[in-house]
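Each of the two complexes below includes subunit A, the first together with subunit B, the second together with subunit C.
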Partner chain A sequence: MKNTIKQVFHSGKFLFGFIIFMLILLTVIIYPIFVTADPLAMLGQGNFFKPGTYASIEESALSKSYTLQIPKEFSKLEAVLDIETRAEIQQFLINQAGVAESEIDVTDAEGLVSLWKANYDQNTKYAGLTTAKRKALKRLDNEITAAMKDSGVIIAEKDEEGNLKQSKVIKDTDYVNIKDVTTKTFVLGTDNFGRDVLTELVAATKSSLKIGLLAGLIATAIGLLLGLLAGYMGGLADNIIIFITNLFTVIPSFVILILISYSVGDSARGIAMVGIIIGITSWPWTTRSVRSQVISLRNRDHVNLSKLSGHSMFRIIFTDILPYIASYVVMAMILQISSGILAEAQLSMIGLGPATTKTATLGLMMQWAMQYSAHLNGSWWAYFPVVILIALISFSLNLMNTGLDQVFNPQLRD
Partner chain B sequence: MKRNLQKVMSILCMSAMTLSMLAGCGGGSGTTTTTETPAATEEASTETATETTEETTEATTEESTEEATEETTEDTSAAADGEATPRNETLYEAGQQWGTINDWNPMSANSNNGLAMAANESARELVYETLFMFNSLDGELYPLLGSEYSWNDDQTELTVKLNPDAKWSDGTQFTAEDVAYTFDTHVKYQSSVGADFSTYIESVEAVDDTTALIKAKADNLNPLKVTSFLNTVYMMQKAYLQKVEERNGEDADAVKQDTMEDMVHTGPYGPYISNDQKAVIIRDDNYWGQADSMWGKLPVPKYIAHTIYKDNAAGQVALSQGEVDVCQQFITDVQNLWLEDGLPISTWLDDAPYGACEVMPSMFFNTEREGLDQKEVRRAIAMAVDYEQIIASAMSGQSPTFDEYPRSVVGPTDGERKYVDFDAISDLQWSNADVDGANALLDEAGIVDTDGDGIREYNGKNLSFKAECPTGWSDWNASMEIVAAAGQNIGIDIQTYFPEASSFYDDMTTCNFDICMWSTPGAGVMNPYSKGMFYFSEEYAKLPSNWSGNFGHYMNDDAEAILKAIPTETDEAKLTEYYTELSRILLEECPAVALMYRPTLFYAVNESVWTNYPAADDGRNIPPTDCTDGYGIAALYDLELVQ
Partner chain C sequence: MATNQNQSPKQNSTEPKPCLSGRGLTKVFGVGKVQTVAVDHVDFDFNEGEIISIVGESGSGKTTLSKMLLGLISTTEGTIEYQGKPRDISTNAKKKEYWKNIQPIFQDPFSSYNIFYKIDAVLDDCLNMRGFKNLPEEQKIQMKTEACSFVNLKYAELTNKYPFELSGGQMQRLMIARIFLLKPKILMADEPTSMIDACSRATILDMLLKLRDEINMTIIFITHDIGLAYYISDKVYIMEHGKFVESGSAEDVIINPQADYTKRLISDVPKIYEKWDLDTVAN
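On to the complex of A and B.
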């Protein structure tokens, strides 16, 4: 036994897969110890806040400020006036305001802005502009006005009569130490409900692993039992079992999965239920392969010897046959776990997974990201880490499986 | 070796699956990069095309246009095979039509023809026309087939003058006989319009060719409802209707299911292409509306086309590529389209809420269900919901908040809000996500958790409800999820349930649900009365198949008495009193709760081909109804090609 384990861990493929899987598993276990927040708490009011650290503006405005004479790399105005904007302004000045092209020098920011200010008026309706363009110019004008303002934002407070009273001026050299203010870091941003994607992702991986494990165990248990019985007993029992198995193999199991999930209804679909549903629809191929293995084993000498000794059928199955296919069963289970996780993701993506408000699963995260078209908005953090994680889990499990195969199947050794 | 092969195959399968998932999700970013080239070429081609058409339009005389129409009608078969319509003559819409058009019959109960028909207060005026057009901006009726209308003093008779220039697409005169026959046919075959209006309208008679007289039912006087006949009922031709009746042997079901593909209509567009790829309607160049008494010209786009998209995402991609001009779809973070992507796309307003919000998607509680028949339970759920989260995330900020516009029976427009005295009901408003208040309310009412499972019981049974709305309606689904999350906070188990739309409709219309979601009627001549009816009408509740409102069968005699009194009341102070009282009942009893405000139609336009769409600040008084509905169709006559 010890030797086998040693051998297994000598396989590079297995080790690699094992390390990846363990890392995922450890993260899932350790992360919640440090981050105790509810993964389903809706923090952000809005869709898909981008990754980063969010600092409280109110506290920043009120807390102690430090004056830092950091040389600015470029003025605020230069920052607003990138090449495209300059071209836009030039176009406007020529087409709408009728300024001669020779008068415009796009390299001179100050000059361009003064020409802009002299010729642009927000309330005028310029001919030949689309509404979108008109609105864009209005926004540009606001940006230029803001950039031209001298340093200083005034903070004012309402007094008892409701009049505004200046309480503080914030200059552009004022800085705040990030440690002085409340911050919240979203390493992977937020999702469409405003939930922290990283925390949710960890919780989702946990439930997906649970579902996968449950589904894998159930599928393997059913498959193994039926396979052993069919293979060893043969005859009528074999015919009946293999008939049922063939039936299930012919009907795509995903269709059965959808039908069962739909009929179970939303209320009952927790993690356990989804795991069970996936488990009881994905056993046929384990049955078939276990059966064929058993058939080849049942005429071996040691089995015949046991039969002659009068051992009961169950004893023969469990002591003389099962150990010989144990390694195979373990490998089959790993594959079942991996496909269970994928099946959950597929189910949730069509809205037949567990309830959104009660659990986070990888599939549910994908489903909501798609519904709120994260893939169209460029909100990669809402779906890409999920995809990567699903891929990593399947990849590591499959790698472990191949590694095991090489160890247990001498034909495959290099 | 076989086993080995199996392993290899399964690994291949796995990687293929994961890869396909990757590809499926990465698809979005992929498309944006690949689309740039076609968009650019399209722009170039439209530019050249624009020049040529301008020259030709200048050169054309009336005769040549006639010739052209003849030619195009001959070409119809070729075009139906999928030949494209010229981009610079076609206005592309999205978000209205979701499948092959199944009929053109205004009496049909199951028409999916969203491109041509939407017989609500702001009716779609492209193919069929109503007598008057409603303008949701000023709440007025604008003449279309009818030129003016007047009530007699005791509000029993409505006289409608018709536009003498109005003609059918077959060239015959539109007369009062047609108006009368349209009504009679609706009633005779008990279409939903007929069933609805026959309870309020005694008869529609033709006084002379251009004068129709609508007589209200004296025992059920409702001038508001009768007036809405003018802007919601599509006019059909008497001669054509008789033909349809004859070919269907006057059988009610057969008449209502007639596809009417050969229909005679008054509107500026007629059927052109309809298949599972796209639906196109083509301008009738003999349209009567080019008479000076109406528009004085033809609508600008020759074709109005609607590609049949698979889902919202497909429509959104098409909009951002400039393949769609007017998009009636909910778009997450719509402002990013112009702020970040710099696309020539705009909405009605430049800032949140971006659209003209008029309606309130509301959740109804089934008051016949045990637990939900208790007003404390209903109010507690209503109080615990995080509305600001719904507005910010589910609605992507495209709705004003309930702080800005406190809850009542009326919508967020000034025209409706003047009818409610908000100070009088301010003590009934609740603060956002008031979980403590909701818990206290339930504790006080003795609805507590006695068996320690975290769920409160009523009459010994756990309070457990299903909140349902159709699957795929993403903003509604997310709203229901947030409602479900609120339930967890107050010890009420709420699960979401998103069935297919058709089975949701079955549940909603037959009161077979716990909590369901539906939207109030939009702006119209009957508002805010129709919103009051939507929330409280006992009449609606008694309908065997109820599409109109009060889905939860809430019965309140006070509310019913007020609803009876409102239509004939003209004193504004009295009306304010009525609507304030209705709002008070709504907030106190919570038979239904508004979850957000929302535009009747979403409206985002791309100006890569067409421009001069209605915008809030253009002073033209044209509502943002996607250039198709009610007075919003006026926008079609002002469209210009982008230079």
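On to the complex of A and C.
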């Protein structure tokens, strides 16, 4: 036993998979100790905020400012001229001002602005434009003029009579110390409901692992029990069990999974229920493989000898057969856990996963991201880390399985 | 070596009593067109205290017959009589009772043990089977020590070992120790020496003979080696394609064989100092 464990941990594949899985598991356990906030607290008022640190604008404006002469990456002009605005300017220059297309370089902000200033006049009534478009261009001209001034931002307050009164001017050389203002870092941004993706991801991984483990345990338990009975007893019992197993194998288990999930209803479908549903639909192949292993074992001499020593069927199954297939069962369970996690993700993607607002699962995170078109509007942080994590869990479990297989089947060792 | 030195003294003095008999015993595997008749209507009477050899090539149905006699597989046709009465193993309790009287030694000592349990477990099973479960520990150890020393093994050295830590010969001797503890009426020895080197083979055969004398056991010895059968047995049954083609006392069958198959088996026994004529052997 001790020797076997030693051998298992000498297998590079197993060790690599084990380390990845342990890192994920430890993160799931340790992270909530440090971050105690509710993983599903809606912090952001809006969809899909980019990953990064968010600082309070009000506090920044009001707190003590320091003058620093350092080159800035932020350009007011660049901020005004986004891609759509540049396209608008280009269109105006070609259609209304008659500038040749070759002269315009939309990537050069300064050049574009100088062309704009040379050709646009607020008082000219350009032909071929709607009134709304003319007003929009006027606003754009004002914005560009404002952006080119050095005067910074003026903060004004209303006095008693309702007139605006200048209270502070923020120059472009003004800085605040980040420690003076309230900040919040979203390492992986926020999701469609304004929830911190990282915290949610850790909580979701925990739920998904629970579902996978529950599904794996149930599937292995049912599969093992039926496989042992069918394989050892043979005859009629074997025929009946293998008939049921074949029925389940022929009907795609995912269809059964969908039907059961749908029929239990939204209110009953929690984490545990989904785990159970996945478990009771994925046992057939464990049964089949355990059965074939048991059939090859049941005529071995040591089993015959045990029979002749007067041992009961259950004693023979548990002491003379089970230990011989234990390593195989462990491997089968690892695969069942992995496929349980994947099955949950699939179910949730089509909206039949856990119906819950209290916990997230990896599948639910994918579903939310998909429903709010994260994949269309470029919010990669809402689904990509989830995909990576599902792949990592599955990869590590399969790697452990392959490693174990090599230890227990010396023929496969390279 | 090839003398009939092992005749049981009992046999000459009293009328032989059949211990295990078969009438029209048949075993068919498979159904429909893919049937294999492994054992085909065999009749026999194995007498108490005798050593009976069943000799035949691989696939002649020897092991199937032995498994039927042990009650490990069902019979397709025919009856088995144990001590003059039809054998009844319809319930688990009756099976257990029957198995107190008939025990095997298998061909492959390496697969005869559950590798997850220590050797002690095998011997304890024997004591439990004989109803010695509640005996004081010292007495149990004494019985186990006695059984081990019967087969020239030291119990104290074995007690904490796993089966795979022993050599093939030691394992097979331990199987004999098991029989010594169980003291069954019939021993079904299915090629017990074929996986063992020649030196251990003689030791094991001698132990079997010693055991027979000790507890007056019937030994059914299954082998493909007709020379070995002659050396050890009182009666020989020659089996070909599931049928007994010849039977009788070892002397009669081997010195004066009648069936062609027996003659061929005898001619196939290699002799030292004689060059093998492979053409003849192959034909």
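Quick note on the criterion: the second predicted complex is superposed on the first by the 341 of 414 C-alpha atoms of A that agree within 3 Å, B and C clash if a C-alpha of one lies under 4 Å from a C-alpha of the other, contacts with A are read in each partner's own complex, and residues count from 1 in each chain.
We take it that a contact is a pair of C-beta atoms (placed from the backbone, for glycine too) under 8 Å apart; a residue touches a chain by one contact, two chains touch by 3 or more.
Small disclaimer: the values here were computed from a predicted structure and weren't measured.
Undergrad: Taking subunit A as the common reference for superposition, should the pair subunit B and subunit C be classed as clashing or as fitting?
TA: Partners fit side by side after overlay.
Undergrad: See if subunit A has more residues touched by subunit B or by subunit C, and give me that chain.
TA: B
Undergrad: Examine A:S306 and indicate which partner it touches, taking first as subunit B and second as subunit C; both and neither are also allowed.
TA: After superposition on chain A, A:S306 lies in contact with subunit C alone.
Undergrad: Going by the contact rule set out at the top, does A:A109 touch subunit B (first), subunit C (second), both, or neither?
TA: neither
Undergrad: Pick one for A:L225: touches subunit B only (first), subunit C only (second), both, or neither.
TA: A:L225 sits against neither subunit B nor subunit C.
Undergrad: Report for A:S338: first if it touches subunit B alone, second if subunit C alone, otherwise both or neither.
TA: first
Undergrad: Check whether A:I295 is in contact with subunit B, with subunit C, with both or with neither, and answer first, second, both or neither.
TA: Neither subunit B nor subunit C is touched by A:I295.
Undergrad: Of the partners subunit B and subunit C, which touch A:V387 in the superposed model: first, second, both, neither?
TA: So A:V387 only meets subunit B here.
Undergrad: Superposed on chain A, how close does subunit B come to subunit C by Cα atoms? Whole Å, please.
TA: 21
Undergrad: For the complex, give me every residue of subunit A touching subunit C.
TA: 300-302, 304-312, 319-320, 323-324
Undergrad: Considering only the defined contacts, which subunit C positions touch subunit A in the complex?
TA: Against subunit A, the touching part of subunit C is residues 70, 72, 92, 96, 99-100, 103-104, 106-108, 111-114, 116-117, 125-126, 128-129.
Undergrad: Considering only the defined contacts, which subunit A positions touch subunit B in the complex?
TA: For this pair, the touching residues of subunit A are 40, 42, 44-48, 128, 130-133, 135-136, 138-139, 192-194, 265-267, 289, 328, 335, 338-339, 342, 345, 351, 355-358, 366, 368-378, 380, 383-384, 387, 390-391, 394-395, 398, 401-402, 405, 409, 411-412.
Undergrad: Which subunit B residues qualify as touching subunit A in the complex?
TA: Its residues touching subunit A are 1, 3-4, 6-7, 10-11, 14-15, 17-18, 21-22, 25-29, 32, 312-313, 316-317, 320, 331-333, 336, 338, 340, 342-346, 350, 386, 388-389, 392-394, 396-397, 464, 466, 471-472, 474, 477-478, 481-482, 484-485, 488, 495-498, 605, 607, 611-613, 615, 618, 642-643.
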